[in-house]
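Order as written gives the chain letters A, B, C and D; numbering starts at 1 within each chain.
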Amino acid sequence: MRDVRSDFPILHREVHGHRLVYLDSAATTQKPRQVIDAIVEYYSSLNANVHRGAYDLAVRATEAYEAVRAEVATFVGAPDPNGVIFVRGTTEAINLVASSLGRVRVQKGDTIVVTAMEHHSNLIPWQLLAEAREAHLVMVELTADWQIDLAGYRRALERSPKIVTFTHVSNVLGTINPVADLTRLAHDAGAVVLVDGAQAVPHMPVNVAALDADFYVFSGHKMLAPMGIGALIGKPALLDAMPPYQGGGEMIRTVHDTSATYAPLPHKFEAGTPNVEGAVGLGAAIRYLDALGMDEVAAHERALARYALERLATIDALTLYGPAGDRAGVVSFTLADIHPHDLATIVDSEGVAIRAGHHCAQPLMRRLDVAATARATFYVYNTREDVDALVAALEKARTLFGYAHA
Amino acid sequence: MPDGDASGLTELYQELILDHYRRPRNQGSLEAYTRRVALANPTCGDELELDLLLDGDTIADVRFSGHGCSISQASASMMTQLIKGKKVAEARALAVRFNEMLHGSAEAARDKSLGEARALAGVAKFPVRVKCALLGWNALEESTRSQP
Amino acid sequence: MRDVRSDFPILHREVHGHRLVYLDSAATTQKPRQVIDAIVEYYSSLNANVHRGAYDLAVRATEAYEAVRAEVATFVGAPDPNGVIFVRGTTEAINLVASSLGRVRVQKGDTIVVTAMEHHSNLIPWQLLAEAREAHLVMVELTADWQIDLAGYRRALERSPKIVTFTHVSNVLGTINPVADLTRLAHDAGAVVLVDGAQAVPHMPVNVAALDADFYVFSGHKMLAPMGIGALIGKPALLDAMPPYQGGGEMIRTVHDTSATYAPLPHKFEAGTPNVEGAVGLGAAIRYLDALGMDEVAAHERALARYALERLATIDALTLYGPAGDRAGVVSFTLADIHPHDLATIVDSEGVAIRAGHHCAQPLMRRLDVAATARATFYVYNTREDVDALVAALEKARTLFGYAHA
Amino acid sequence: MPDGDASGLTELYQELILDHYRRPRNQGSLEAYTRRVALANPTCGDELELDLLLDGDTIADVRFSGHGCSISQASASMMTQLIKGKKVAEARALAVRFNEMLHGSAEAARDKSLGEARALAGVAKFPVRVKCALLGWNALEESTRSQP
């Protein structure tokens, strides 16, 4: 993959007198000039509210917005742009499905299946749904190699769950789940499947049609796009049958004083003024990633992850978490008795930005038997030098905490 | 305030279209109908109801009601003129043709079978108004979908 | 007020060979350079996910985000920044309250009061709530002068409604409602009050503490800020007692496998990665408006509205809608038998952007006895010349439709 | 890897703090307690439980448990040393003082009454870590709020 660092203005800023080594892309990514420019251009020449204006600007803003819907569909292999719902991000997409589908599909005593590696955003909405409907929430455990335990998964499916949900890629372990297989099994058990693609779509080619997930969700801000935009990809037949989520402008057909009928897809699920800027920025991000090639992006990150795992393994008393084999560009670790927050503070003083904490995955933390880990994640703009800088900064942490230099 | 019509406005609001807008043909509802479909354009609030009386596979009578802009009303009016007495299949073929014209096909715009509806060719220059011109035709499409 | 047009890049673009005369600010506003620059600066020097990072960027992004919360509180006179919840916009804010408060406060047979001048966004969520809880939705009618009918309002309050909601300013009529009085009456009847401030906060000084509304909501994009950001201002005691709305990251305290406890305000209601860019842009917009002075902004718009009403009244067969007296910078009208969409298309060819349609207020349209109106709305960047351009363009429409020149 | 400590790191991770982190004083729980409060820092997941045994208005005994970074653990440890045997009002006054120090008050940082906790003055340079240093003190504040 070509060196893209020059496209990212923020990477040329200094942090504490060091160049910024940004290793927290799983939390949010930095933005290339191309995306920033698209935002500026949008507000400088195109901005208007969509879907309601007969004038030139409004027409062009609407066209731009709807064009991105089609681009998103193509990018993730969704057969029908009407099944692409713009949302704020992954969290909102999951809440939309849990709330709207959940209300009609899940009844008292029913089962919902999640896994022990979910991000809180793919857990709490189902907890809330289970509580509201008096349904059972079953959490599938993980194997010793930090994969979804298939035997446990099959056992859970024997309960004929109404909804099964799992992440495509773990934001802590880097585990890449066999989505197509898991989905097929769940479908055989009669379940509807939602896949949390927040850590997949930015990092590898994804084809939702091939995966056959009923719902697939992701965030723009984790894939070079602006904050405040993301997508829910749903099978139109399912979305069609679901009650509306939020009510308001744009999502209606005819409004009477005390009742209303709703617009067809996708607008039924897009109440209120949407984030057109965000969509336009997402379009620019998709074009940027497409130009790089998602296969290349994936290869670049996995190579970096491999290199990082190798280098980190040489550090004394460093513990790595995650599967031994293939994994995404996510590396979680702890170092001796140095708490991850202390690690993050120390490496930050060298310009290295890593995340420390529970990564919104407390159930997984308990299974890892830690309260927190440090985590480095890689994206298109990271290099082997970034990994080297991390390793050097970790050595500094060891020294500060009184460990002998390796 | 003549402007040489670079904007296409004079074509859009030509005499014939305003005439259909102001004196719509086949307006109202049918006492006896075979098909009734109501469509709305939720973004602008235009509403249209189309009644068809079928005699076998022939459109024996047709009426439309509702409200909307000059384009949606004139287009629906012209459509009813055009399809009355036609076979359902012919009418549906005209709908396809009309659609092509509104999406810029010059060839479709020359197609005499579209009759007065060809006056609406200029709508193609106003993308946001295309929906208006199609409202009646979409109602036809929907009301005859299950009909051979 | 100083001439601000030069601050708005989009106003220097041409539309169909004419300068852009943007008269649709009630739908969304254009953005000044200062706001666009704030976005660029954010992504070029500050971007990170908030609340979860121990590194420099994340700290600064979090500080920037939380600083805007305090700025919003100050701007609208909210006593406590913890009662400021960032949302996508007005629509989401209302859905949040209807869904979360509604669930605990409204039971079968209860009453919810709305008015006949509400935007669909302040109607559909209450329709959905009333339907879900089998509650009654009562719509207060308007007077002949397009004010909320006080007698009808009092009658509705006799039903001891659980929730009363109304707009501060009508987006169709320009009516400015006596919010403090209406709120007091509703409180006396034991109701909780939500005020839709979407058309007020951008256009006049607002002090929610003085109004005493329990919830007050507005959108950033209608006040020079980016799309995808807005605020729900709530009394902390009420918000505290409400169940969460969306579940996910950020809004939790401790997460167990099948249950969780939630974070204190404001984070309890901000699940998932928030739109930090949007908040930063909102901060820039607030500073821009503050520098102009909200009293000046209000005076500027009302003067323009008065001028527009005067000039439009001279056009033959033009009908104006709305109150005779004081009103906001919103002017709705129809012209002879020319449908509003046709009007919008025609004036657009002269570069004049107005809105035509039901303005997401179908119940009001039925009371106006029209299916649609044309609407011109004014903001800081509009001038008397803009009004003149509108009037000239309307004369062109008359000519095209065969009416004699006035 | 000495760096003259422009970053303040050496001060942050000085011997005394690491010592309290590794050998926390008064760690554990009390069999008999008057007050028990559990606090968490949801953004980083630090958790702390504080037990107080009151004898009248005197803190007769104190223990803390939980987990977290060196700063939160060391700070809680130092706090327990400091408040044991003090009157509740005195302890609360120390909490106010400590807060001032963490918000940059040089005067508070010189206040001998803060004892070893003064070693944490350097945390003020790391805004995101201030919450960590305050966790134990906040628990104290909360558990003694209703106490005169």
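Just so it is clear, a contact is a pair of C-beta atoms (placed from the backbone, for glycine too) under 8 Å apart; a residue touches a chain by one contact, two chains touch by 3 or more.
The shown structure was predicted, so the numbers you read here are calculated from the model rather than taken from an experiment.
With contact taken as defined at the outset, chain A and chain B are each touched by C.
Spacing of chain A relative to chain C, judged by their CA centroids, is 31 angstrom. If each chain is reduced to the centroid of its CA atoms, chain B and chain C end up 37 Å from each other. Averaged Cα coordinates give chain C a centre that lies 46 Å from the centre of chain D.
Counting partners per residue, chain A has 16, 52-54, 58, 252, 254, 341, 345, 356-357, 362 as the residues that reach two or more other chains. In chain D, 43-44, 47, 128-129 are the positions where the chain touches two or more neighbouring chains simultaneously. Across the assembly, chains come into contact as A-B, A-C, A-D, B-C, C-D. Touching chain A in their complex are the following residues of chain C: 9-10, 13, 15-16, 20, 22, 24, 27-28, 30-31, 35-36, 39-40, 43-49, 52-58, 88-92, 94-95, 98, 116, 119-121, 123-125, 127-128, 130-131, 137, 139, 219, 221, 226-229, 244, 246-252, 254-260, 271-278, 341, 344-345, 347-348, 352-357, 360, 362-363. Taken together, the chain A residues at the contact with chain D in this complex read 16-17, 337-342, 345-346, 349, 356-358, 362, 365, 371-372, 395-396, 399-402.
Touching chain B in their complex are the following residues of chain A: 51-54, 58-59, 62-63, 252-254, 263, 267. Those residues of chain B that touch chain A in the complex are listed here as 40, 42-44, 47, 127-129. Within the complex formed with chain C, the chain B residues making contact are 1, 6-7, 9-10, 12-13, 18, 22, 43-47, 67-71, 126, 128-129, 132.
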